[in-house]
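Each chain carries a letter (A, B, C and D) given by its place in the written order, and its residues are counted from 1.
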Amino acid sequence: MEWTNRQMMAIAVARQIKDGTTCIVGTGLPLVATSLAKNYNAPNVILLFETGVIDGSPFEVPTSVSDLRITYNASALWPQHCYFGFQSNSWKKNKVDIGFLGGAQIDAYGNLNSTAIGDYSRPNTRFSGSGGANGIATYCNTIIMMKHQKRRFCEKVDYVTSPGWIDGTPDGRTKLGLPDVGPQVVVTELGIMRFDEKTRRMYLAEYFPGVTVEHIVENTGFAMDVSRAVESEPPSEEMLDILLNKVDPQRIMV
Amino acid sequence: MIMQEAINKYVHDGDCIALGGFVTNRKPYAAACEIIRQGKKDLYVQSGAAGGDVDMMIGAGLVKVLFVSYLANSGFTQVGRRFRNAVEQGKILFEDYSLDVHCVLFHAAALGLPFIAVKNMLGSSLIDKWGIPAEVYKSDPKLPPFKLKVDTNPFNPDEQVCYLPVPKIDTAIIHVQKAAPDGTCRIDGSLYGDMDISMAATNCIVTCEELVSPQMLRAEPWRNQLPNIAVDAVVHAPYGAHPSQCANCYDYDGVYLRKYDKASKDDQLFKEFIDEWIYGVEDHNEYVDKLGVAYLNGLHVTPGFGFKPGLKRS
Amino acid sequence: MEWTNRQMMAIAVARQIKDGTTCIVGTGLPLVATSLAKNYNAPNVILLFETGVIDGSPFEVPTSVSDLRITYNASALWPQHCYFGFQSNSWKKNKVDIGFLGGAQIDAYGNLNSTAIGDYSRPNTRFSGSGGANGIATYCNTIIMMKHQKRRFCEKVDYVTSPGWIDGTPDGRTKLGLPDVGPQVVVTELGIMRFDEKTRRMYLAEYFPGVTVEHIVENTGFAMDVSRAVESEPPSEEMLDILLNKVDPQRIMV
Amino acid sequence: MIMQEAINKYVHDGDCIALGGFVTNRKPYAAACEIIRQGKKDLYVQSGAAGGDVDMMIGAGLVKVLFVSYLANSGFTQVGRRFRNAVEQGKILFEDYSLDVHCVLFHAAALGLPFIAVKNMLGSSLIDKWGIPAEVYKSDPKLPPFKLKVDTNPFNPDEQVCYLPVPKIDTAIIHVQKAAPDGTCRIDGSLYGDMDISMAATNCIVTCEELVSPQMLRAEPWRNQLPNIAVDAVVHAPYGAHPSQCANCYDYDGVYLRKYDKASKDDQLFKEFIDEWIYGVEDHNEYVDKLGVAYLNGLHVTPGFGFKPGLKRS
């Protein structure tokens, strides 16, 4: 059985999804991973999108959170402000379990940049902007999916689009007015990082089969505790089969 | 009203405009192309979740100030290339919000609120890095006095919140499935912030797939999103959202969007693209004729699915 | 030809409605009057209701602004917050021409009470509450319809539910944060009052045929200028016929 | 879920509740009657545009604090008589808002805003006369620290605005035409503030005329107002809005509303009325059986009109 690191990444994320949970999903790999979970370990997962689409069942891989493919069999298509409100209240009402985030840069406390590299006003590289990321980072516990490169895993991000655990201090978020939720896990094509319960600093939890801890350290731009790292379980044949033949048969994403 | 007249009457140099839809869905492309054709200048664009519509306007040099929370043809162009170029080259003034905040700003404007306070953006660079310099905020009467302010909640002195000024939109443009000449509109599929910008703006232009009788829409008034009194111009423009999607009508045109992706990488290629597809056609009718009936038929959604299964997307 | 003062009141109000205007209408006599206008002098009048019903064409007299009778042939049934927004913006966008108000008490500057008589916390008489009246009074020019009695036309109202011209000073409204719109005319079963352009104080503009100026003065609890008063034109046969046989044939309201 | 279970599970003594509908339209009477039957106490009621539903709860002695902007069965009872009696006799704490402000308060709660500022109520007694004494606001944790505050707009120091705390609703109850067991809801006719209270409340109970398959509603998701995740209990209660109207289903019951008008004038008559119509029936099924099939048929709306032309209304 063979698999790519990107496929392993989707599988690793799918395993994080508990059945019956509600997830805010962005397009791309998060949607592939949650679709995989829905088809395997979490048949009752509910997918929300920042466009206000609630509990859609996409069956061709959508290209964006506004793709008509997402609205198939949805429970409701809410106007944008209702999504805003649901998200803002979800934290108090315990209505959203997890949201997905990505970015171009991340620091050791899970603060993310998806806006610009370099000077904000006249950047070297400009990205599409926050989109719904900042709101998800404000109100939800999150799973972050990233490419694992040294320049992306950096000491200090150029711009904080989506706040994580700020500086790691216990009241880091609350003193800024943010609800006490935040990044739970970072999944890359190399492995799985989590955040220390006390220091809120990223540590290596799992490395994918075929990946060495040294390789991960080399590709991480900040000091990261690797003492707790274990090798991930390889993908099961069944899960890989569902991923490749049911979730993304056109191989648009994996 | 015909498109030329609607744009000429309600979009002026220096106006603040907002366009409906979301990234690659129900974007009012036909109207955006007519704005480019008419060469409107110095526009303030409240873009929300923008796509190629705003990217082309930036590329054509119409945009002076951009309020942005996302700009991409997701899945085809991950970052709007003319937008990116303009920002990296310092060609436009821009200001970032989170999409959530942009949505609630439009909503607050629709509600006529004096300002709004939220918890979003706290602890992020969206608070302290301003794209528009403070002195420009102070001196330009089209802008609020400043981007935002973090202060306490008057009902909870321990809680920080972000106070935001409400945008003042001159003209909103949305594309809908059905509109009656009296202005009554019915939108299928996701609404996004279309009702908000329509209600918030001083003027509202609606372009529609089908121009229908008021009686048809008024028989089930609870299914209508905008009433007659909220709309200033109704323009019949079938395929007016092409190359983006229009629920219950057509899917996106992936081939066209990929063509735009390539063209928008480069100044010269972009110029050739808009010369061909915007300046080179007299109006939206000539544009759809250039695409052709059979080609457009190929984009129609399959009833029951809500999209076109098996659509060529690359 | 005979008519009642209440019918004359409806006709007098209908005459105030210009064709093509947009009016916020409450149930009762305002609806009868605007329906009459729509059927006679203002066929293109657009009726809005605080329930978010826009441009409805009721053809049996409705009992409330939420009555299904109002939704017939409407352009849209907006959720409540859209009505709120439309009203708040209407003033800036010039989208609403006139709103209707009533009340239990009115003072010389058109400030209205529809909440309680006596002490607010423990009133002698409690009414239904503001309803949409306060919002209309905040944002719109208004036509007020009242019963003409001395205790209702009083020097000082017990509770200001709907602000009028406040104390009559030129910046009376703006210094409180209110848009510079306000009461235009008061119609009772005895005649028509307007507000002086300079002093904003109520004066008698018209007395209905068969009503004396003295009778109006006796039934008004504050000093009112009557020097400009003229007798109203009596109702035309045609207008009375439409009112009685088309607008309210069941005689529920007039 | 059956009605008894839903009310028992989600409405507790001392809770803050909000009921949907408007005066005499789509009021959740069946649920209100069950709350009375279960004798819930010390309720905080955010009533918005209330009708006989809240008037009966006040009369039955369940309401401790009432937030009110209008309370009547307009056209039948111009001022809710049990409400009026309770206020005039000093039997309940109450606080007045304008209906507009009540609506935007529910909306702000639905949006999860920390507070909201408006221009409404300025210059009126709604600002300076408080029904709930300042010390009660301070001491009762179910209440905000004070009613409101007039202060300047941070983006325009010359402008006065009214700052309002956002209500905290424990449970919202609405009545809809169609709901699926998964919670998906479709409302015909006017929405009023029903979506707002449902989204704002910690728990949301939906009673419905028709319990339908999720597939039916999910085939056209843009026509659904509430998604599954916004609803905590779905109760099948045909005629659950009687004696108020329910768009596309039935008109109001003018005869019943006049009967209530008379009964609610007097303590003893009111007691007899609720003894007969609430305590005297075991549940909503017994209530509709007491009314009878032919009687209820007589209230059905005439398709195409949206109401019952010629309905006996007095």
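FYI, a contact is a pair of C-beta atoms (placed from the backbone, for glycine too) under 8 Å apart; a residue touches a chain by one contact, two chains touch by 3 or more.
What you see is a predicted model; the values in this text were computed from it and never measured.
Chemist: What shortest step count links chain B and chain D in the network of chain contacts?
Modeler: Each step joins two touching chains, and the minimum needed here is 1.
Chemist: Could you let me know which interface, C-D or B-C, is made of more C-beta pairs in contact?
Modeler: The greater number of contacts lies at C-D.
Chemist: Need the CA-centroid distance for the pair chain A / chain C, whole Å please.
Modeler: Chain A and chain C have C-alpha centres separated by 57 Å.
Chemist: Quick one: report the Å distance separating chain A from chain D, using the average Cα coordinate of each chain.
Modeler: 40
Chemist: Counting in whole Å, what is the centre-to-centre distance of chain C and chain D, each centre being its mean C-alpha position?
Modeler: 28
Chemist: What parts of chain C, by residue number, touch at least two of the other chains?
Modeler: In chain C, the residues touching two or more other chains are 53, 71, 77-78, 81, 84, 87-88.
Chemist: Got the chain D residues that touch at least 2 other chains?
Modeler: 104, 107, 111, 113, 118-119, 159, 161, 189-191, 195, 222, 247 - these are the residues of chain D that touch more than one other chain.
Chemist: What graph shape do the protein chains here make by touch: line, ring, star, complete or other?
Modeler: other
Chemist: Each pair of chains that touch: what are they?
Modeler: A-B, A-D, B-C, B-D, C-D
Chemist: Any idea which chain D residues touch chain A in the complex?
Modeler: Within the complex, chain D touches chain A at residues 110-113, 182-184, 195, 199-200, 202, 214, 217-218, 221-222, 224-230.
Chemist: Can you list the chain B residues touching chain A in their complex?
Modeler: Per the touch definition, chain B meets chain A at residues 21-25, 49, 68-72, 74-76, 78-80, 83-84, 87-88, 90, 96-101, 103-104, 106-107, 118-126, 129, 131, 150, 159-162, 189-193, 195-196, 245, 247, 251-252, 301, 305-307, 309-310, 313.
Chemist: In their shared complex, at which residues does chain B touch chain D?
Modeler: Within the complex, chain B contacts chain D at residues 104, 107, 111, 113-119, 144-146, 149, 151, 153-156, 159, 161, 163, 165, 187-191, 222-223, 247.
Chemist: For a test of understanding, state which residues of chain C touch chain B in their complex under the given definition.
Modeler: These residues of chain C touch chain B: 22, 46, 48, 53-56, 71, 73-78, 81-82, 84-89, 92-93, 95.
Chemist: Flag every residue of chain C that touches chain D in the complex, lowest number first.
Modeler: 27, 50-53, 60, 62-69, 71-72, 77-81, 83-84, 87-88, 115-116, 120-135, 137-139, 159-163, 166, 173, 176-179, 252
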